[in-house]
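Please go over the structures that come below.
What follows is chain A paired twice: with chain B in the first complex and chain C in the second.
On to the complex of A and B.
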């Protein structure tokens, strides 16, 4: 009897261990990335964005932008007002990104011309404002555009991460593959490597600082380094606020013209 | 000492020959293993020269690099390139070039890739001209319309007539074998030839690559013929197959040793290095001729003497002039070590090494060889000939002494004329000028120059002190004025700068109205357009034209020529314009290969002139030292100076430009001139000291050493005249310039030196005799 109990106990233990391991192992690359894509990031957000472009020679272009963003379900609307440099102050840029296949709508307002113009955005692999981020990199990408595979685990600054390889479904994608380092349980990428079509490492995105703001984990300082042309882009967020009541009317040509005052 | 060496050589002649052969085989192996032709002209330029450093920085900053240019022309279709077949070819070639590993990624500019800035329902659109290759009539018509209304494309990528289009592929900034690349591009293009299109390949890399190979290739073909002719003439003068063989082997082995050493030290073969065998052929036969023609005379004079004795006597009598002439010649070439240009320094160093090895072979291999294969067998019949040329040299010495004043006056007149001619000389770094008109490259170049901006690029950079300056319309507008003024020049096709973008964007943002095709009036609008372009276009396009701080602005100027004269005149015009406008507070700089080539050629010539001056002074002191008399130095140096003057004078008078190869010819004048002077003066002194009269001494010197000098010069001149039949123009020039230099040097030595000695009666020749008389 006693033996039976021990035996059952052992069996149970083995089963539990096996099951537990299976549970963890069951978390596929796809599932990890799904959690990353679906992480709660609020319905709306305002922030001050500082974009620093650094070229090979070490010269910098610094732009300060006030940014508003709101998810309207089918469409994600974003508006940016330039604060500096002085000669582009009050230039504004608006982007409507749709959940459907439809390509983004974009507008720009140039105060010196006093006109709002639409600009085309056919290509999501275009670099955004001369930075090292493509529109895709900045969040226009969706889960289904890549096949995801868990290829290992690692630690970054004492944080445990899953290493997930993402291979684009489309053959003409800008990248041959990317590798994302996802912080366990937090479901936020802490590092990402981008390989070009020839399989060479093209860019590395590093997250320098993550803050919890209104309960939402937020990347406030990150850097994209293009290793092939030695260009870098540093993005710094400040005064980040979530779920503020942004007026839907803000995302209009009229407001673009008015500026942030 | 020379006796000991000669004894040793004559004791173990076979061992000596075998050792020489082994070393020569080793060097031959080195050449096969390590020799590498340098086809990238940038490698020739001194990297630490401030102008090259600046140019390199700008090239890096603005991504300036040389392009291979492919032109596709269709003159048989009435729509020019606007037909499905031609467009497809352009597209295919463009895509294929993009895949070349030598081509910088995304840096192919053609109809297939170029960004078209246009207004659309959206507002501003920056997109390729087409996503899908236009096939039907409507699509093609649409493409044509878009090209013709965009001045950034029309006349730049498609000719204004619509009959041809360019594909420009920028090269990566790394080691690229330019000739291989040219061949690759030819292969890419090959399947698309035929049909109604003509395809041309041009551009700086193609020219550099072809040139770097053409000269050595042509030399490879010509040098065997040169050597054959030299063998022939040597045989006619030395009357012996054995002597001819030994003399030619001296030249051959010294060339192999020089190149072998270069390869051993893994120094690449530069275009100038092909001048090394040229120099060694010209200089290397001299020692052999002097030794062996002396031997011939002794054999004839004392046919019954022992072979070993004759060889020993030859060595004993002639080793001094052989060593002296070789050391002084080598010293002359070592003066090139003062040059700023690495390949020229190597040229000087290894030619000197070759000259020294020629001396070594003459003094070691000739006696050893004679011991092994036997003394030359001479037919002692040609008395008639002998009398004929004796008569000639007797006549010559008489003539020179009688007309000594005429000779001096004539020399002065010729020198004055030569100096005047030399003042007209022009420097040219043009590479295209080195090809014959019927070369494929030249035709391609002409075609592109006639239909597009031009194949040569000059890069102009304005540099301000403060950041943000070049967003100010005031300066941009002046730069635009400059662009317009420059484009009025016949040889400037197009200019390209930030202004071209700003004007285009301004027009497009104002509903395509032509009156807005101009630079915006406010700084804010400039800045906002640039920001706009960074959002909708490819901001890297602008990085090629303006730096991050808006402090350095780059203007690309396309030229239809790479001649230094034109580039200099353009630079002068730009500097003058800048000095009289708002641009006067900016630094005006230039970059790019056309510019650095020009500066580079200037450097070479400065170096050449300096080294010529140094070597003339050096020769003066060396001769003064050898003969313990400044008069000797002066008398010896004069014909060399005259030769150099006539050389440059002829070039100026006949419009031969000074370039890297023609500039080196004066080195031959010095090298040869020294030899001639030493031989003649030492013979003169020999008889002067021994109490011969002025008349006798002159007659004997001319008959003995003058004869050897003449033979020597004739042999080499005959050889170099062969080069005048080369297909490669620079080698033709080389052929007749070298021949001319040798001829003038010969005549100068035989006439001027003798006339001057006759007039001056210098002490170093005649004073002992006077002492004796006392």
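On to the complex of A and C.
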């Protein structure tokens, strides 16, 4: 009788494991990326960004930004304050992104002109502040902008990952395809390859450090390496806070002009 | 070097400075001061005669100190003008900000910008502008800060703004000819707008011409009383923008049997522009027109009849190199000293290292009798 119970248990365990594996294996590229896009990232986020731009000769330029984001339900609002270098200090950038088909709203405040200026939201493939990141790369992209296909599995720093190919729906996209390495069960990208329109490998994004902050997995150190011109951008996030009570009035013309302490 | 000349400061600046000092040393201040310094070398040459025209060396200090409920901001400039062989000390901007729950107050010398247009102005009338200036790096650099008090009150929908400003220094007007204005502005989904009204003394080119013709010593500054507004609208790759203002009792020159006379008339000014973002380019097109209301006979407009600008901009090498091409046409009334002008204004800016920036450009007069000039500028921030 005891042997029968052990045998049944082993069979059940094998079945559960097999079923579980089959479940995971059955996930499509679309479903994996959906989990990545829908991963819990909090209702609001505050962070200090430090971008280190390193050129082929190894010389560096550093940009420091203070960033606030808040989800207001149908609209996500983001505001960035440029702290350094001196020639861009007090510049601010604000983006309102809508869940509906409505295009994003974007404004820039240029202290030299003392004016908040509306800019076109159709510039998502522009490089952000001379870095190797486009606005899309920094999180403005949506699931529906690519077709997703699971092309394999791999291991990065002892972490098991899904390898998903993302092919842009729009023919005029900056990239012909990207390949995302998604950490299994955590649903966070640990590496991403970007291929140019000719299909050549253009950039590789490597995540150097992930931290759990307020229960949310957060990339705190990453590097984008442009292999075609040997330029790199190291992006460091510090003082990251989630779900803090950010005042809705922060995302306003007033704060763009006033700046942040 | 002949002299050290300090540009006159008035009471408002003194009050600001004293208040700031009291605040700094008597209150518990949180936050740190930020100081940056800039040295700029600038030279302009006559393009046709290949002769040196002008050069200066400028030192600029920016001081920012933020505390719990406000900010102190000073930007003095010390300039050596080679033409005058003078050292000029000028407080370019200097003000005290006080932040309240739903309002901000700014007191001191400041630049206040209204409107959505770039380079051309309809409702951006608060600050006086340089005239006869040598080529500038950005058209908006031509504004001169005003000594003013600005109060902003914030509601859920937008911002109410009230301004009281002293007359421009160059005007020699008494303080009872101060300017005042009100604005409501809102940013929204796909659409921003401003509604404005005010009365600000402004330099009047026509009055200047009239005085030169008649030998009069009338003021060349006159109040601009107006109501107006502006908008900008996101249309995907385009941003449509516009400004308009109705001016009451504006001064005009009227030719009569007794000779030229100053009369008052109403005018409507309208500006429409579009910013287009094809790929890495920004193309900006603007047109401004003025319409006289119930135009009497022999009335001559002041300012321009129409102004049109085309700007094409592109950045290269990770935004380190920026190239701008401006084409500006001004249609002027037929008065002595006024003529139509077509100006080609290319600009190039190269940022060497976040500290060192080189800029160069040309103000090439294609039509009109003004002198074509070329300039270069080197800027070091530390």
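Assume the second predicted complex is superposed on the first by the 237 of 261 C-alpha atoms of A that agree within 3 Å, B and C clash if a C-alpha of one lies under 4 Å from a C-alpha of the other, contacts with A are read in each partner's own complex, and residues count from 1 in each chain.
Following the convention adopted for this analysis, contacts are C-beta pairs under 8 Å (C-beta built on N, C-alpha and C of every residue); 3 or more make two chains touch, one makes a residue touch a chain.
Not measured: the values here are computed from a predicted model.
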Exercise for the section: Judging by the criteria at the top, classify the pair chain B and chain C on chain A as clash or fit. Expected result: clash
Exercise for the section: Identify the partner contact of A:127: answer first if only chain B is touched, second if only chain C is, both if each is, neither if none is. Expected result: both
Handout entry: First, second, both or neither for A:212, with chain B first and chain C second
Key = neither
Exercise for the section: Return first, second, both or neither, reflecting whether A:96 touches chain B, chain C, both chains, or no partner chain. Expected result: second
Exercise for the section: Would you sort A:53 into first (chain B), second (chain C), both or neither based on which partner it touches? Expected result: both
Handout entry: Contacts of A:258 with chain B and chain C, given as first, second, both or neither
Key = second
Exercise for the section: Go through the superposed model and pick first if A:108 touches only chain B, second if only chain C, both, or neither. Expected result: first
Practice task
Could you look at A:158 and tell me whether it touches chain B, chain C, both or neither (first, second, both, neither)?
Solution key: neither
Handout entry: Partner chain in contact with A:249 - chain B first, chain C second, else both or neither
Key = second
Practice task
Please indicate which partner A:87 is in contact with in the superposed arrangement: first for chain B, second for chain C, both, or neither.
Solution key: both
Problem - chain C clash site on chain B (candidates 42-50, 96-104, 114-122 or 168-176) - result: 114-122
Practice task
Go through chain A and flag every residue that touches chain B in one model and chain C in the other.
Solution key: 53, 59, 61, 85, 87, 112-113, 115, 117-122, 126-127, 129-130
Completion exercise
In the complex, the residues of chain A that touch chain C are 53, 59, 61, 85-87, 89, 96, 98, 102-103, 105, 107, 112-123, 126-127, 129-131, 231, 249, 252-254, 258, 261
Exercise for the section: Over in the complex, which chain A residues touch chain B? Could you list them? Expected result: 53, 55-57, 59-61, 82, 85, 87-88, 91, 93, 106, 108, 110-113, 115, 117-122, 126-130
Problem - List of chain C residues in touch with chain A within their complex - result: 31, 34, 36, 38, 62, 66, 71, 97, 99, 104, 111-113, 116, 138, 140-141, 152, 154, 158-159, 185, 187-190, 192, 232-234, 236-239, 241, 275, 277, 280, 318-320, 351, 353-355, 357, 381
Problem - Contact footprint of chain A on chain B as seen in their complex - result: 60-61, 120-127, 468, 471, 509, 520, 522-529, 531-532, 534-536, 538-540, 543, 547-549
